[in-house]
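Note that chain A is present in both complexes that follow, paired respectively with chain B and with chain C.
And then the complex of A and B:
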């Protein structure tokens, strides 16, 4: 992993040596860093929101996947398969183009800016994936737990709430964190539908500076931002997986 | 050629009756470009699937190498492509690297050597290949050590043992995760829209800009992509079932 740090540093050195112009490449990158930081903050905010909304909805959908009533189970299965198998960009387009730009509730007008619709578009596949996680985790709980709960005269809802789901949380955490990393890495898709986030701003910076030798450094810079954010998540996921190993 | 005009005209009548505008059926120009876009998408998906599996197999071999530098480079490649957005990787390849790969044609203009389709194929194959290397590594590690030692005792070289003994056994174990990754790859090919590869989403965008039938085109796209992914899942499921040994839990 030391090699990774070396690679990142060598990337910067290579960028600096690329052009001998008066405003150096590193200085330009530093100049635009506050703007990129704002854009990246929007990316992170969108990922948090999409993950939160998607997790709540996914929990509900996951419980629908293990329902005793067959129509509920079938509908949940169809919804899960549909949103898992649809490309994220197509879902984003769908939400951004077909949701209204403002909603009138009672007397108040709630504006729906682009980033809010993109967040909703990202929350849909999160919902489907979390539902699958919940279903897998619940089905991996040994049958003895269900039988013991039944022996204690707990209703199905009580069993789920008091016995099964608390045990599921541990199993679900590593793949859930993995899903979060995937969502973070998916937020630049919103730049295609017109949200002003880090990817769009990088493009704006490049077009405003107008220097071709900035192309490689700026894109590598943006890639490094995402790498620095996602790599610790990936390591933490691996460590948690090892700790929560259910043999 | 059978004359399909009555079939296409049904959609024209549908538009007249209900306002559902599906010009990709009754308008010859839209139909032609949508079919071209569909086949471009399918070509891109097939190319990326094959290339990423090849990269995965080769990468898993390099990961077992005795040379530290090769192993470290492979680890760096995997971590880089797994923890960065595929869209930004694509922009990096197409705009940043592409700006260096230009030749002057006979008119005197600078034209790119590598087309957008090729860059999309390269970037997506590398992206999915990074995940595949990890998947095959997990499969290879699940092959029992005794089997590898038995191959060594029978006189297989490292490479021959890898090809004839380890890989086939590893495939069976990695198939579910490989299935998952290939589905993700098929879904991720839509990002080629961003560099103007004329695949389905891009062509649909052009059509709905001309015909103003956004919701119809979006619905058609959703259905087609879900069907394509369903085909991949079905084929991989058939393969999984063919390779399954009941009761074998490595």
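And then the complex of A and C:
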């Protein structure tokens, strides 16, 4: 609500500053909305992909963190700590600068556009955070569950697959959704490396319009898009947490 | 080669078992024989190593020295096939430890399906029969959280029985239960005992031990203080420590 009020206010102030013969700020926003929507769709696509890749890799890394073999555990720990404590932007830069612009698989050349490389850059911290979620969830399962499975002659892998991990899914879902919301608001980082997502496009719009009074309302408009997308996720996370606490 | 086990030999044979956790000695030289079809009850004060001893029998806890033979298989052997051992010995825990995300029936079916790789139809028929046996017909699709403690514990017993073990270990299985549900669990165990199941029972229920046991062992500070058939043990115990324990608890 507050956000909407500020948006309206900024539009009003902007209108007042503008001369009588320029098109209104609202009309300008409306005009560029399809383009911004296109950019925002890329943000969402990047967040989906980064989350999917990061989750799959993170599950594997998380299992590495609880492996019985010490070298596997140690290696997984180093990887997790490295990517969890590195700034996202730095990881993004490295991915964009170090990855080639295309890869050759057999005879076919697969181009690697900036958004794909940025997605990879975002997937790395997701991976490390998911790994920590997995480790924490597994350790929160009572020891009696392991003992009971062992006494029934289940192997360690069977115990994980049939007993431990299914119980972890429930515990991991709220923090995992939380992480997703963070990834979504992290996607505009890709604007710095020139990906045509919503943030970049907003900048392009502003420079082509060349009107300073547009600056605040346009960025607020963009912010509203992200807020409208992420806020329900945050609410759903809280609701889920509450439901799981009851049962 | 493992020497062939014959029914004249004890099904479980413990000799001079020692176990310590760090500096704490939990078991210091326990020897117990359990014949096939025999029911033994182990009683004693908390911290006497009773639960640890049970966990040593199915190799949940490794022993430091001594020997435990289960149907001729040495548990204290680095080459031990733990899974093979655990298929022979079922265990029921104080906290039931049912898998909360699976129904009662699925809890019972899990090990036969995935460990023994048996046919699902057969396993399900047996699991339903086991639910009837522990008097829980109609609760097949209930989740553990929807069952009372006594009902959960009976599902846990059925879950162990589904592996068709040669012996069953019961670790204070009524200690966490409400008084009114203790009886239904004890009835189930007594029926098993009467059917000839070999049972090693750690319990605080003296009346039950007296009624069901062939042999009662009193342990304290990691050793067996005294043992004997229940009639003799409860009326005519010789050791001062046993007498003091029984006078406190009865």
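In this text, the second predicted complex is superposed on the first by the 223 of 247 C-alpha atoms of A that agree within 3 Å, B and C clash if a C-alpha of one lies under 4 Å from a C-alpha of the other, contacts with A are read in each partner's own complex, and residues count from 1 in each chain.
Just so it is clear, contacts are C-beta pairs under 8 Å (C-beta built on N, C-alpha and C of every residue); 3 or more make two chains touch, one makes a residue touch a chain.
All of these numbers come straight from a predicted model, not from anything done at the bench.
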| item | value |
| --- | --- |
| Superposed partners chain B and chain C on chain A - clash or fit | fit |
| Inter-centroid angle chain B-chain A-chain C after superposition on A [Cα, multiple of 10°] | 100 |
| Touching partner for A:154 - first (chain B), second (chain C), both, neither | second |
| Touched partner set for A:145, first chain B, second chain C, both or neither | second |
| Chain B versus chain C as contact partner of A:240, first or second or both or neither | neither |
| Touching partner for A:72 - first (chain B), second (chain C), both, neither | neither |
| Chain B versus chain C as contact partner of A:187, first or second or both or neither | first |
| First (chain B), second (chain C), both or neither touched by A:87 | first |
| Overlay on shared chain A, then closest C-alpha pair between chain B and chain C (Å) | 21 |
| Contact residues of chain A, present in both the chain B and the chain C interface | none |
| Interfacial residue positions of chain B with respect to chain A in the complex | 72-73, 75-76, 79-80, 82-89, 91-92, 95-97, 99-100, 183, 186-191, 193-194, 201, 214-215, 218, 221-222, 225-226, 229-230, 233 |
| Interfacial residue positions of chain C with respect to chain A in the complex | 58, 60, 82-84, 86-87, 90-91, 93, 95, 97-101, 110-111, 114-115, 145, 156, 159-160, 163 |
| Touch list for chain A against partner chain B, complex | 1, 3-4, 7, 81-82, 85-90, 93-94, 97-98, 181, 185-189, 191-192, 199, 203, 212, 215-216, 218-220, 222-223, 226-227, 230-231, 234 |
| Interfacial residue positions of chain A with respect to chain C in the complex | 142, 144-145, 147-155, 158, 162-163, 166-167, 170, 247 |
